[in-house]
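One chain, subunit A, appears in both complexes that follow, with subunit B as partner in the first and subunit C in the second.
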Partner chain A sequence: MKRLNKLLFALAAAGAMLSGTSSMAEPFKVGVCYDLSKAYTFASPQISQAAMDLAKLINMKGGIGGEPVEVIVRDHGNEPQRGIECYSRLSREGVFVFDTLSTPVSLAILPRAMQDQRILMQSLVGRGDAVDGTVFEWVYPVGPTYWGQAANDIAYIKQVHNGDLSDVKIGFIYFDYPFGQEPIEILKTLAEKEGFELLLYPVQLPGTDQASAWSKVRRDNPDHMISWMLSGGHVVASKEMQRNRIPMDKYISVNWLNEVDIGNIGAEAATGLKRGTNVVGGQDVPLRLEMIRELYDKGEGSGPLKNTEDVFYNTGLAMYSIIFEAARKAAELEGLPITAQSYKAGLESLKDYDADGMMAPITVTAEDHGGGGKTRIEMWDGETWVPQTDWMAAYSDVVWDVVKESSSKYAQ
Partner chain B sequence: MELVFLAELAVNGAMTGLLYSLFAIGLVLIYKASSVPNLAQGALTMLGAYVVLAFADGLGMPLWVAIPLAAIVMFGLGFGIERVALRRLAGRPVIMILMMTLGLDIFLRGTTMAIWGATSASMELGVSYEPLFLGDLFISRIHLVGSIVTLVLFGAFMLFFRTRAGIKLKAIADDYTASWSVGISVERGVGLSWALASVVAVAAGVIWGEIQGVDQSLSLLLLKGLAVAVLGGLDSILGAVVAGIILGIIENVGANFLDPLVGGGSRDLIVAAVLILTVMIRPHGLFGRHDIERV
Partner chain C sequence: MFYRLSGVYHTDYVSDSRIYGVPADRNMAAFCLIIGLAAPFIIPSLYLNSYMLPWLIWTAAALGLNLVTGWAGQLHLGYAAVMAVGAYSAIHAVRFGVPWEIALIIGGLAAAVIGSLFAFAALRVKGLYLALTTLAMQFIMDWVLTHSAAISGGSHASLQAPTLALLGQQITSDTGYYYVAFGWCLLVTIFMLNLKRTGLGRALVAVREKDYAAAILGVNSFYYKILAFATSSFIAGVSGALLVATFFFLAAPEQFSVNVSIQVLAMVIVGGLSSIIGSYFGVALILLVPGLVNSAVASISQGLGVQIGVETLAHIPNAIYGALIVIILLIEPLGLGKLYGNVRDYLMVWPFDQIRK
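Let's turn to the complex of A and B:
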């Protein structure tokens, strides 16, 4: 009898444990389907590391409304088919918020996410016109579009020339494929509007041979060079600029230029170089410092410390702060568990959110899924990034004309 | 358009073309011995650059020590590839060997990614960035250095093919079976061609690494290098050098005229056009051997 009692007690204890397990809160999951092995590897390790770190920190603080958060990182190798597989598999596991950090994969998933009514985050990649929330209801490219970034670059140049661009020559050097070509139309529109001369310098992928382009630049002598290239492309460009004696302070890069590129150019040689950005560069950023204190100093970081010293880590912290803040808002607005619908409401209630000074303040609405598209220009002073402007979203009327024209075609 | 600018485009195009020739020489060496375009030559170039950096940055050696050491390592690797991967394919259809080189390319890219990651690293050779002007003509110093390296290697291989080992390689290229029958070790010859191509890959990796940084994109040199090798004749080192110069000039000068007309992108079109026309009009290239097979 005693033995039977012991057995019953053990079963009861096991049952209690099991029921305890089942009553534990389900985590809020984010599907991070990233290219961790091919084209985007210059940024994806830092960004995914930031996502995992942020999830750890939030869980250490008790999660969101008591629910833990979980980021599920998978590699799609920048292949749309693998991206779709990742999306489908994680959807079956109950994930309804996805991030791809890849334009081709994002384009492949977009129609499915729209149909399935799942959230597709696509900061800094994918269709620029998806900021139009009236058409792309389930897609959130929070952050600047390339059109907006280019327009903000022109606004900065206008500031430098005291508001008059009529005698100014602006060169645009770009990877000659869709990423690089995207800002051309808006630059042409602004050239007409502001009266500056626009000079185009296409560079073939992978950007290793830029010698003739920079020879032309030397001859044309534009006042500023806006650059839409990636990673090593900037390094080649900077070396060609030095060889052609073109001052580095003419160079204004798209946001995809990081500390690795500065290291390869040479910290001293890169002095004066500028980039447009929607996140704060450097390491003295409150959220990053908290990560170091709470995770890396205790040996609990999600990857190498070196990755946290890169602006793309800051970019990841900014992107995932938005994602988790929207979840917090969703829980606040509509309670737990968070659903795709309540998460959407959470996203669209973000107002002037800047992740404790980590990025440009964003306000997401049902109409504007980009959050306002603010960026600023920062300059490398030889040691760190120094802001040259406030956060700004210039020529928004022109940018939205382009957005509406493009999104209306999708709507048809 | 100013004549000086046109001349500048032509000269710099020719030098850039010679850098592609440097790469293409590796392709030609392997083709001469095994009649297969080595699709892993881009990955070998990337690996060569990484090995140099491993010695220089990883072990703190000066570059003048790191580069020869890397060349020795890659020489051994070239022999190893023949011994481990290619020897057992002897007598199989050429397409199988081609697929093996493709597999090797994927394997090397994956391995370098796993070991060194995707982050770009710099290769500082100490060549000055100060502009060099010949009159009004701007010359890029690193391209000039790379062109000289190409011509030196070209000269060295011309001499090599007059040595006993070189003549054996030529014999293998001419006729496998006949070479076997007269006691030439074809396996060793093929191994030597892979080893030499791997050493050339180090040279190309160092020069291109200085220009663009060392990362996975170095492997993409294959496409342009292949175009140069096909134009020159896949079995001609002289062809690789001349074709590099021609393609470099056509591409640089042509793109300057065409880009404004077609809105960019004409460089790839020019290369594609040259490649297609070569295959259609002169399939053995400018200096390649024209074999006629009797059925």
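Let's turn to the complex of A and C:
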């Protein structure tokens, strides 16, 4: 009898230990369903590498509330069907925070995330009106929308012209599909409001032939060119600009332009080129330097060092700093384990958070899931990025009109 | 042994024109039907929802393309565009207040009208020229979808589908969606199985083999080509609408872009032209294998503890998948359906054929 008691006690103790360890080792997981093999490969390797580095760094420092963090990176090849599969698989493994870095996949997952009450982070991709937290309760496009970015570009141009845009011509060159078309509406609204002349130059995908657009630009001679193109498109544009003798400093790009593109244009030739951005460009950013010190110098980086010398790496660090900071807040506010509900509360308690000078400060609220949408303009000086303005979110009333009008269609 | 036959010997026309020439085939079909019906209870919901369901809907769509490409012999590179017509018209119809049952038929009819309208223009040319004309339809549809907010639904061109409701019943569960997909796929399969027994099916095959020889036999090849386009477009339209209603829950142009058209064509070709079971196999290979190989490679590298970069990890499955298609087409150019047929024929009278040798 005594022996049996002992055995039972040992079993119970073992059971308690087992269950204890399993709940302790349960990490906070982020489902990183990315396109690592098709259309988004110009940015996805750097961003996913940043995500994995950041998770490593946080675990080295003891995790969040004593629990480790984990990023699960999977490829979906930019196919909605595979993105949904990735989402379904990981959500059954207990993941409730997802990031897709792909507009088609983000669109495809959105209805499911809303239904299942899981957090869909979609910084810089997906539908812009999802910043409206009253409609899209579970979707967090933290960062600027394309509408906000375009408005900020106009605000910068207004600064350059001393607050008077009445006889300024602004050209808008864009990939002629939803990504590029999105800012048109807000640009038209602002053209009416500020009295500048807006000229539109659509470019057919994949953007390798822009000859006709740029010779039209030469004829019209606008004062500034706002460009909504991706990676290779910028390189072709710069060649055409040189051919047409259009100075490089007229060019203001969307945030999707990185050091690889600068290298392809030629560091010297790209001097004067501008870019709207929500993260600090260049390599001297505290968080990145810490990564180099703690991981790469010890040979423990999650990928090649070259990938870290890229603004998309900074973008990745910014995106995942937000994701992990929200988890930390959630653990602070409502304790462990973190649930989708408490994580949501964590996100919405982020206030003026800038990840140690990594990005524009963001303040996420239940109404504004974009965190304020601040960006600034940086200029390439031949060697590095030089900020031209402070962080700003201009014309937010106009931007929110567009957001509300669009999100109300979803709510129907 | 397996088929309990010593050979196939028909003694009358009725037995020759049966759907299943061999009882074992019929039994297998019945077995698959039972598995299909029981799937929600025996297959984990992850596989039901993200593998079985898209597989069945795409199979229905691929069978539609097989009708026009496999049976009627007309290369079609704009099939996804036709699916888009069906999906968008059905969703708009439902948002307008039409019940889903009728909206699905509206979607199918709209697709049939647009598909055969295009065929009218396209069928004045043949072969590669026809293929290019259908490709033009795809590009026109892409352009229309990305440039008309009224159709595509505004922000980032995505249109929310209302909740599916059939026969007065709201469908919201995984099981419900599965049965809708299963039912539609079954319907299309039964139609296709019977097609080859009808005059229409024989006329289509005659047109495929040589259209003016068919004309000499009194088969109006233009009429039958149009009919093939219209029928396949109808199937495409309903499949597109169901794909959005049960799987994507919203329609976006990327879901029906030109590479999707190529993918459906690949499904049909890898599966086997004018093979029904081949379409099932082809869709499984093109649609599901990338995801399966992906997670297999991920778990193998995890299990072995090998540190592979995420990017390399993402490209290995693509290489495997590409190699798989090449190898299959090298072994059997007529596709997976024929591969299955070879095995079946070999086993049909085994081991008695061995004795004869």
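Side notes on the structure shown:
As a convention for this text, the second predicted complex is superposed on the first by the 389 of 412 C-alpha atoms of A that agree within 3 Å, B and C clash if a C-alpha of one lies under 4 Å from a C-alpha of the other, contacts with A are read in each partner's own complex, and residues count from 1 in each chain.
Following the convention adopted for this analysis, a residue touches a chain if its C-beta (ideal position, glycine included) is under 8 Å from a C-beta of that chain, and two chains touch if they have at least 3 such contacts.
Computed from a predicted structure; not experimentally measured.
Contacts of A:92 after superposition: subunit C is touched, whereas subunit B is not reached. Legend: residue contacts after superposition of the two complexes on their common chain; A:37 is shown touching both subunit B and subunit C. In the superposed pair of complexes, A:406 makes contact with subunit C only, with no contact to subunit B. When the two complexes are overlaid on their common chain A, residue A:176 makes contact with subunit B and with subunit C alike.
Of the two partner chains placed by superposition, subunit B and subunit C are both touched by A:45.
In the superposition on chain A, A:209 makes contact with subunit B only, while subunit C stays out of contact range. Once the two complexes are overlaid on the shared chain, A:243 sits against subunit B while remaining clear of subunit C. In the superposed pair of complexes, A:263 makes contact with subunit B only, with no contact to subunit C.
In the superposition on chain A, A:218 makes contact with subunit B only, not with subunit C.
In the superposition on chain A, the residues of subunit A contacting both subunit B and subunit C are 37, 41, 45, 176, 181.
Within the complex formed with subunit A, the subunit C residues making contact are 45-46, 49-51, 54, 146-147, 153-158, 160, 247-250, 252-255, 287, 290-291, 294-295, 298, 309-311, 313-315, 317-318. Contact residues on subunit B toward subunit A in their complex (touch as defined above): 2, 5, 8-9, 12-13, 16, 110, 113, 117-122, 129-131, 138, 140-143, 208, 211-213, 215-217, 220-221, 252, 255-256, 259, 263-265, 267-268. Interface residues of subunit A, counted against subunit C in their complex, comprise 34, 36-37, 41, 45, 48-49, 52, 73-75, 77, 79-82, 84-85, 88-89, 92, 103-104, 107-108, 110-112, 126-129, 176-179, 181-182, 303, 406-407, 409-410, 412.
Every residue of subunit A that touches subunit B in the complex is listed here, in rising order: 37, 41-42, 45, 176, 181, 200, 202, 204-209, 211-212, 215-216, 218-219, 231-232, 235-236, 239-240, 242-245, 260-261, 263-264, 266, 269.
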